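The chains carry the letters A, B and C, assigned in the order they are written, with residues numbered from 1 in each.
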Amino acid sequence: MGKNLKEIAMLIEGEVVGDESIEVEGVADIEEAKEGEIAFISDKKHLPRLKTTRASAVIVSREIKEAKVSLIRVENPYLAFSQMMRILVPYQKPTKGVHPSAIIPEGVDLGKEISIGAHSVIGEGVKIGDNTIIYPLVYVGKGSRIGKDCLIYPQVMIREGVEIGNRTIIHSGTVIGSDGFGYIKAKEKQHKVPQIGKVVIEDDVEIGANVTIDRATLGKTWIKRGVKIDNLVQIAHNVVIGEDSIIVAQVGISGSTEIGKGVTLAGQAGVVGHIKIGDGAIVGGGAAVLKSVPSNTIVSGSPARPHTQAKRIEASVLKLPELYKLVRELKRRVEELEKKR
Amino acid sequence: MGKNLKEIAMLIEGEVVGDESIEVEGVADIEEAKEGEIAFISDKKHLPRLKTTRASAVIVSREIKEAKVSLIRVENPYLAFSQMMRILVPYQKPTKGVHPSAIIPEGVDLGKEISIGAHSVIGEGVKIGDNTIIYPLVYVGKGSRIGKDCLIYPQVMIREGVEIGNRTIIHSGTVIGSDGFGYIKAKEKQHKVPQIGKVVIEDDVEIGANVTIDRATLGKTWIKRGVKIDNLVQIAHNVVIGEDSIIVAQVGISGSTEIGKGVTLAGQAGVVGHIKIGDGAIVGGGAAVLKSVPSNTIVSGSPARPHTQAKRIEASVLKLPELYKLVRELKRRVEELEKKR
Amino acid sequence: MGKNLKEIAMLIEGEVVGDESIEVEGVADIEEAKEGEIAFISDKKHLPRLKTTRASAVIVSREIKEAKVSLIRVENPYLAFSQMMRILVPYQKPTKGVHPSAIIPEGVDLGKEISIGAHSVIGEGVKIGDNTIIYPLVYVGKGSRIGKDCLIYPQVMIREGVEIGNRTIIHSGTVIGSDGFGYIKAKEKQHKVPQIGKVVIEDDVEIGANVTIDRATLGKTWIKRGVKIDNLVQIAHNVVIGEDSIIVAQVGISGSTEIGKGVTLAGQAGVVGHIKIGDGAIVGGGAAVLKSVPSNTIVSGSPARPHTQAKRIEASVLKLPELYKLVRELKRRVEELEKKR
């Protein structure tokens, strides 16, 4: 699978400085790279490593003119390197076709070039698009639809009535379409509210491992195009997440909340139900969001407040012991004044 | 599956205002309902929607006397509507019987009218009650017992020695009976404490997706009647949760803690080990409960304190910048007084 | 499986006080123990229970000289008791061999005396060491290696390129080797960074249920010897966890962070990426660690600070209402002084 620098430069739209005929066969971190491997530097502070690396070539930004080691100069080194990774280490797709141990009822609509792994269980009326890979031990419930070019990793659980777009990736252990958490208390007893809505996941979404996305009570829980969700995230019934938003690990979003486009929810943040997080907002790690957040604002803390206010409060809290000292001192001086009057 | 308003009113103990012969076939949110669907209004602020809805009928409270659209007046509109949902959209049970790919050892005690899905694996000596549904890819360990009318969703893992009551629902990815987290440090090494207790889950419990409930070290981890647990909750060894308590998503309860009856733990709350949360207590979202909580109290914050105190402290923290200003001002005035003396 | 006290004393290096011929068949908590069972007391405050217990024998520390009930005196009663548990209640291993429904490709390298459960799916080139038990419904991806004497519980998911040492235990629902969460934003779009690194888990590690451990972008995510991880923990790509560290339930560790040896991260703590937690450090429950923590220090709070500082700040916050009162009083007195001047 080796490629020489000239070929690589063409593929990643870069320019070689040094010997174009050098061949590389693997990618590595610049500190660990060996001969035959290509590395990258994105952050200027790592430039001194150009002198010590054992890599055969390094991808750098256009600002770098030359080095002891061969270079490929590009616009965005990390992006170019990440494209390199897939060129030199191609994704190893499992064997095409349906494993004989998979359970596929009559009438399931399977696209071309699909793969369905061992012991997976597909429900009646399911539709799976071309080139989609369903790994082993996956469950897909009655009537659910999965688009083209999707990757569904082992042990994913997709219940009935779930719609998944194209090029969407779902990692292992994730549960899509479990019942929302809804009860009505009447006569001292909790009565379950049936959860008969669905889950819609659009194109180019990626969902991490052991995530839970509940189905809607009515209507739909809705993950829009390009959303990226990390591991162990909880998404309750009827939540809507706008295009290209980033939901980091262990975040929890309560029922019927709407997250806008391009929002970032950092790790372990919690968002209450029935509020809106505006487009482009950023919610800090561990923040507890109790009310709607305007677009393009940053909030942090518990309860979440505008980030500058949260920082100011944080700073005043840190100086509290000092303040106590000052107030005691003032008290002494006031007493002095009162005596001497 | 359509029903006319007269039939529906009888089933949900309501009274029709308008044309009793109107037939409805589905349920929907009042804003999205189309002709042929029935909706509901529970909150008075949504009453203006009675004028604009396209629903064929609306379930309302007895206070509402009439409207342009046909009504069914009931005691509790949301409860009545939720009963409607199951009448018009019945739960679709999987086929009865044992799928040929399921692994069922000799001597397993299977009730009547049960369903065991594809590729499920049942251990020796397991007992499963009448009408219980075990979906595909479920594991039930040696000697565990599951009562009548239970729903065990795909990819649930129930280890050996677990007892589950009647009408209990367990969602996908949930793990019941994994080892508790117990080690003894001796001679600079962690020694595993065997976890040989069990898990008992009583009647009418519902457990969300990707929950973990560890088995006891000795004795039992115990989830009592009517408890409702949301997704991604952690319940450690020897925890006891009292009747009808509500545990919201991503809560963590540490070892040997006892939660009373009718307690609510809101999302992402954490509770340390070996304490008691009294009956009817409410723990706020994200609260960190470090000591026992008396019955019928509300605590919040991190560390958790009585809610009114937490609110008061929260308010004083918000006014801190103001306080600093005031103290600086006082200092100036005291200096002035000292000079003038 | 009964044993008499003389035999037991030899096995746990203790000394019998009382009738050596008494036979015990089970272990129990001292309050619940019945005749024929052995219990223990570790904490002195429970010593009065020696008078009331119905246990046939109690394991106690060497300080206790005699009691109404037969005793076994040992160095560390809890450790001795925990050894007892496995003697009287041996671990019930599943049947040896490969279940006919498991999928094992040609060329998989299986050790001696292994067990592979029903419907498990093993990838090409996998190697599994002697005496290792793979329960049902487990997935092991291409080329992964699992050492000797491991326990892999039902529904564990191990992707390709994962290396697991000897005597390691992995509980159900845990996902090892899912893709790290990495994207590059370019031209208003998130581009996935391929995650082509691996996961290395060393000897004597235990990993709880529904944990997620992502594979590295490049290089490895690395869990070193003796680490114990509780349920629902998130470990991001390229994290390193040092020997014998303890990671309690629902902790999240962000990418490339290095945790030292013998560190404790208490429940629900969160650690940002690219920092170091020094050897022997302790991070309090729910703490939000935003910067590196020196060795052998204790931090707590959100954001995490040295524990004594966090405590002091916590105390000053609690006294705030009092401070406000005092400042208002001083203001009144200063005004008085100003008037009287």
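Everything that follows uses one rule, which is that a contact is a pair of C-beta atoms (placed from the backbone, for glycine too) under 8 Å apart; a residue touches a chain by one contact, two chains touch by 3 or more.
Since the structure is predicted, the reported quantities are computational estimates derived from the model, not experimental observations.
Both chain A and chain B are touched by C. Copies chain B and chain C of the same sequence differ in orientation by 120 degrees, per CA superposition (steps of 5). Each chain gets a centre from the mean of its Cα atoms; for chain A and chain C, those two points are 26 Å apart. Residue positions 101, 119, 137, 155, 173, 210, 232, 250, 268, 302, 317, 320, 323, 327, 330, 334, 337 of chain A are each in touch with at least two other chains. Chain B meets chain A in the complex at residues 27-29, 32, 76, 78-79, 82, 85-86, 89, 91-92, 99, 101, 117-119, 135-137, 153-155, 169, 171-173, 206, 208-210, 226, 228, 230-232, 244, 246, 248-250, 267-268, 285-286, 302, 314, 317-318, 320-321, 323-324, 327, 330-331, 334, 337-338, 341.
Residue ranges on chain B touching chain C, taken from their complex, read 101, 103, 119, 121, 137, 139, 141-142, 155, 157, 159-160, 173-175, 178-179, 181, 183-184, 186, 188-194, 196, 210-212, 214, 218-219, 232, 234, 236, 250, 252, 254, 268, 270, 272, 288, 302-303, 312-313, 316-317, 319-320, 323, 326-327, 330, 333-334, 337, 340.
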